[in-house]
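Per-chain numbering from 1; labels A, B, C, D, E and F assigned in written order.
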Amino acid sequence: MDDRYERGLRKLGEIDGKQGEQIVAALQDIAPDFARYIVEFPFGDIYNRAGLDLRTREIATVAALTAMGTAPTQLRVHIHGALNVGCSRTEITEVIMQMAVFAGFPAALNGLAAAKTVFAERA
Amino acid sequence: MDDRYERGLRKLGEIDGKQGEQIVAALQDIAPDFARYIVEFPFGDIYNRAGLDLRTREIATVAALTAMGTAPTQLRVHIHGALNVGCSRTEITEVIMQMAVFAGFPAALNGLAAAKTVFAERA
Amino acid sequence: MDDRYERGLRKLGEIDGKQGEQIVAALQDIAPDFARYIVEFPFGDIYNRAGLDLRTREIATVAALTAMGTAPTQLRVHIHGALNVGCSRTEITEVIMQMAVFAGFPAALNGLAAAKTVFAERA
Amino acid sequence: MDDRYERGLRKLGEIDGKQGEQIVAALQDIAPDFARYIVEFPFGDIYNRAGLDLRTREIATVAALTAMGTAPTQLRVHIHGALNVGCSRTEITEVIMQMAVFAGFPAALNGLAAAKTVFAERA
Amino acid sequence: MDDRYERGLRKLGEIDGKQGEQIVAALQDIAPDFARYIVEFPFGDIYNRAGLDLRTREIATVAALTAMGTAPTQLRVHIHGALNVGCSRTEITEVIMQMAVFAGFPAALNGLAAAKTVFAERA
Amino acid sequence: MDDRYERGLRKLGEIDGKQGEQIVAALQDIAPDFARYIVEFPFGDIYNRAGLDLRTREIATVAALTAMGTAPTQLRVHIHGALNVGCSRTEITEVIMQMAVFAGFPAALNGLAAAKTVFAERA
């Protein structure tokens, strides 16, 4: 456990709050090393970099996960994350709608349904 | 040809400059209506919306196209577009690198190669 | 609201019946403009075009959504749609089976499961 | 070599003409059994089935390959195939344009570029 | 029904046990020919080939389905299959973790969740 | 530069030889940190793990990249890598052919074409 892990854990908490802890906890019995990698590389290395603020990073992630359409659970986590770091609901729905252009209307529709679920969870 | 087309054409020019004109021109013999749709919906409707600034929209598009990995030509066009609307090279390489987390290292590597090509074209 | 919206709404009703209304209604609180875009572009512009009859358009859509595998909800809606515009159950299962060749057996298996659900809903 | 192979070879010739022979020939040194499987399963089993005419089968294939965006070579082969079995250029461009709705504008743009190439090859 | 079907059925039973029978049975009312194709081509032709042992074949399948992310049901079936033919839980979680490199962390996370479900079902 | 980097570099050399060095070198001007991440996470963390031998890891990677179809350059690199760590040509073509079952015939055909190119490069 080095510095990457510590700073990754702080960044994960900053973005995902308790959901981040739950993701890490759920991996402990099946793949504890993978729980560590998730803290270290995505959050310790990438999300900790300068050059792009956290809000823009979460916008990029919501865009990518909406467009890919293969990770609905992670999309919801990162819609929460985007809100946690200061993105507005409008910004999130705008970026999801925009994905209709690049990945098709079903991708955007499924992204909007995810946003609707997340917004309701926080109401 | 209504207002959507006119405002779409202005937005397309703002983002893509001459490349936008070329994309539209290349469609004239095979699918002229589709050339019109591209101006109207993505640029006249979506990119003209309030709620998300153009720089953030282009970041989201570069993220999505890098993650999808199926549209290398359009990725290069939108890296140019991101630079045209004021994104820095650093912001673009940061968002592409981040895609390694969500879509894998090959997607990010191919995105960085696209950025390298685009940066060289503008040198 | 112009002519595109009106003719899109008629086409959406022709293909999807009440399901189309529900999709549009479900978007009203989160992204009302997107509800309008769905009526206008896919149904007002594309599905209203001459050059391809509605049955063939729905076959193409069922093929694409089965192959992509990322939009199971929309696949079921369009299997209903294909039946609504006159495709037979045999034609639908044939096009889904054919996708095993192009997108693999799991894609076709999941498409057949969707068709089975839809056929049962209409029994 | 049984009946499936013979009827597959006839079907492959009917759809792809000399291109079909070339695909099979190109596999002889690296994977001769796979050359046989391509003749037997996609063409001997699937494309030979009743329940969907060849023109509709090729429309479905062009739709799927355009939407997937991962097989540009096979997309061009099947645009040729669609024309060989009697689809019009208009039908082909219509189905490709429609994919903008389900898989995004880049997928449709790349499909139209493939169609443009194929139409030029036949001029 | 020829030799391919018989040897495919034996191979399917060897890999998937009762689950294989259920998949085939579930297709009988909607697409009985497709049930036969699944036995014949994937299991009768491909999985029966020499040149790669069954354990390695199941590793390759778990890798592919994890990376694609579009077939969660089939991924669980093949994690069962991998265990049935002698892969260890460690080998399966290793190959799924490795997919983070090539298809992104969400793909690996969803794969690990599938493995966790399967391991619990066998407990 | 810690231990992860050193052991990653050794593993990268073991799998990819000079090609690995070239991939790292090509990133130096555009994204030097990403060059470091590639050495550290995929090769220093994942490929260095016990629990799965290198040959099986490369089989899994070739399977995944063939099935995804979005990273043809990386597929060729890892076909070289598979051969470098001791996989036979037969094993590689077997795993690629098997992907026809899970990702469709075009994915397998494109994978076989990549293998043919790589085998010729080593002749």
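Keep in mind that, in the parts below, a residue touches a chain if its C-beta (ideal position, glycine included) is under 8 Å from a C-beta of that chain, and two chains touch if they have at least 3 such contacts.
This is a predicted model, so every value here is computed, not measured.
> Please give the intersection of the contact partners of chain A with those of chain B.
Output, common partners of chain A and chain B: C, D, E, F.
> So chain C and chain F: same face meeting same face, with over half the numbers shared, or different?
Since more than half of the residue numbers are used by both chains, the interface counts as same.
> Through what angle, between 0 and 180°, must chain A be rotated so its C-alpha atoms fit those of chain D, rounded to a multiple of 5?
To map chain A onto chain D, rotate by about 180 degrees.
> How big is the gap, in whole Å, between where the Cα atoms of chain C centre and where those of chain E centre?
Using C-alpha averages as centres, the distance is 30 Å.
> Using mean CA coordinates as chain centres, what's the gap between chain B and chain E in Å?
Chain centres of chain B and chain E, defined by C-alpha means, are spaced 39 Å apart.
> Please list all residues of chain A that touch 2 or more other chains.
In chain A, 33, 37, 41-42, 46, 49, 65, 67-68, 70-71, 74, 93, 97, 99-107 touch at least two other chains.
> Quick check on the complex: what are the chain D residues that touch chain C?
Listed in rising order, the residues are 41-42, 46-47, 49, 51-52, 56-57, 59-68, 71, 74, 90-91, 93-95, 97-103.
> In the complex, go through chain C and note every residue touching chain B.
Chain C reaches chain B through residues 2, 33, 37, 41, 45, 49.
> Using the touch definition from the top, list the residues of chain F that touch chain B in their complex.
Touch residues, chain F against chain B: 23, 26-27, 29-31, 33-34, 37-38, 41-42, 65, 68, 70-71, 73-74.
> Looking at the complex, which residues from chain A come into contact with chain C?
68-70, 93, 96-97, 100, 104-110, 112-113, 115-116, 119
> Using the touch definition up top, name the residues of chain B that touch chain E in the complex.
67, 99-107
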